[in-house]
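Okay, handing you the structure first.
Labels A, B, C and D are assigned to the chains in the order they are written; within every chain, residues are numbered from 1.
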Amino acid sequence: MLSAQQVQQLIRKGVPQADDLDLRIDEVSEQHSLARVPFNSRLIRPGGTLSGPTLMALGDAAMYALVLARLGPAEMAVTSNLNINFLSRPQPVDLMAKATLLRMTRRQAVCEVGLYSAGRPDELVAHVTGTYALPQ
Amino acid sequence: MLSAQQVQQLIRKGVPQADDLDLRIDEVSEQHSLARVPFNSRLIRPGGTLSGPTLMALGDAAMYALVLARLGPAEMAVTSNLNINFLSRPQPVDLMAKATLLRMTRRQAVCEVGLYSAGRPDELVAHVTGTYALPQ
Amino acid sequence: MLSAQQVQQLIRKGVPQADDLDLRIDEVSEQHSLARVPFNSRLIRPGGTLSGPTLMALGDAAMYALVLARLGPAEMAVTSNLNINFLSRPQPVDLMAKATLLRMTRRQAVCEVGLYSAGRPDELVAHVTGTYALPQ
Amino acid sequence: MLSAQQVQQLIRKGVPQADDLDLRIDEVSEQHSLARVPFNSRLIRPGGTLSGPTLMALGDAAMYALVLARLGPAEMAVTSNLNINFLSRPQPVDLMAKATLLRMTRRQAVCEVGLYSAGRPDELVAHVTGTYALPQ
């Protein structure tokens, strides 16, 4: 498996939004990943909240990190479906995303993600599920 | 109703990603909107395609433009659910999003969006549905 | 391609709910299908509406009919994702579902469906998107 | 809060599919519910698996049970969105659904559900998220 640091570099090299968000991959394991967007006032919308696209990009990155860590750097997984429910307003702190692998077959990986404000893991800001088509 | 130009300004002022993508709102009407991300080599990933977050941000913006044009600038609609299916690889040209209002009640608006490469409206790159909670 | 009649028989033989609902496949073509649940007072919930599971079963059947007509009877496609937005209360008449193929590759088919009360095709009762994994 | 038994009666009276499936509500609490479809050879499709509509109906019922237990019998919540990922083939045993409340506001409740074959809670058969509009 790749390390969190390796996965972070691959994602930031490959996805412009990940670099713009200063995306961090804090942890990866066989079944989980933990990703983070550091608090940055540039990302704040009128009303004091993070934008929907920031939350979607972080949710996608957390799932992609988990898949990439298992597949290795040569392989190109592709998002095929993503569903997000926005649940509550993020706090003005780092935004966290904990991804869990629900199922991986030869053909696809399905994950879920809970997004939360740093320090408040029990109060979800958003919930994401995603499917990644795997190279064959 | 607001004009396409007014809606574009409101979204670009409010959503940092919209400004990074140089988002354009080409048209808005009672039932539709047409949005665009001009082709920009900075957005291209290894392999020559646009990133998932670019597609999600454009789909969300097209739906939000439609809702905002009807509600007016004082009102804050909030995305509550977004579902996206990625269908084919975008071409290296402008990326278009045509949104259609499926249903609007006092409480919420539900829209769908077809994303396609400019000049190829019949070959979808992605399909999005979204729900917006309306202020009461 | 299979006929609407052939597809109807295959689905009703294979899915118990389709038989319980007296599911009809009115039309199938390369890009579309039209399915129907005849009005039946047994299906009506308190409040006079059809249940969510009735709508989901019809949406799934309409997409499956389209995929099956193209693949033929020997092939087993499997639903991998389904997303439904419930939009308005059905009328006490037949419930219709018009499915459209969005994209078919060797690996999967993605469809969308508009559900409506017979005679009111412009007022959607629900909107469905679905993905079917194809046999390889 | 209502008991599991009360919720089961309300759902089976209100949703014809719940009665056809012999739906059982085993548990309800503030944050969870556990629902079950007893194994029944009538529900089995060619190939030995349960149909998609059976899984969708059970996932919806488990979430609805949780919402109904908190709201009480006089209140009518309505499903507004449901997303399901089908993950693996169910075993020929009872099908279980454990629902968790992700967020409840005055306007809506959002839940997730893991479906699994009885005795194998760690191997998901399907994963569902759903949104219920609450009466105001």
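Simple rule for what comes next: contacts are C-beta pairs under 8 Å (C-beta built on N, C-alpha and C of every residue); 3 or more make two chains touch, one makes a residue touch a chain.
Computed from a prediction, not measured in an experiment: that's the story for all the values here.
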Reference chain D; chain at largest CA-centroid distance | B
Is the number of contacting C-beta pairs greater for A-D or for B-D?
-> A-D
Between chain A and chain B, centroid-to-centroid distance (C-alpha), Å | 21
Taking each chain's centre as the mean of its CA atoms, chain A sits from chain D at a distance in Å of 28
Between chain D and chain B, distance of the C-alpha-averaged centres to the nearest whole Å | 33
Among the residues of chain D, which ones contact at least 2 other chains?
-> 80-81, 83, 85, 131
Give every residue of chain C touching chain D within the complex, in rising order.
-> 13-18, 20, 42-43, 45-47, 51-54, 56-57, 60, 76, 78-86
Chain A to chain C touching residues, read off their complex | 80-81, 83, 107-108, 131, 133
Residues of chain A that touch chain D when the two form their complex = 81, 83, 85, 87-88, 102-103, 110, 112, 124, 127, 129, 131
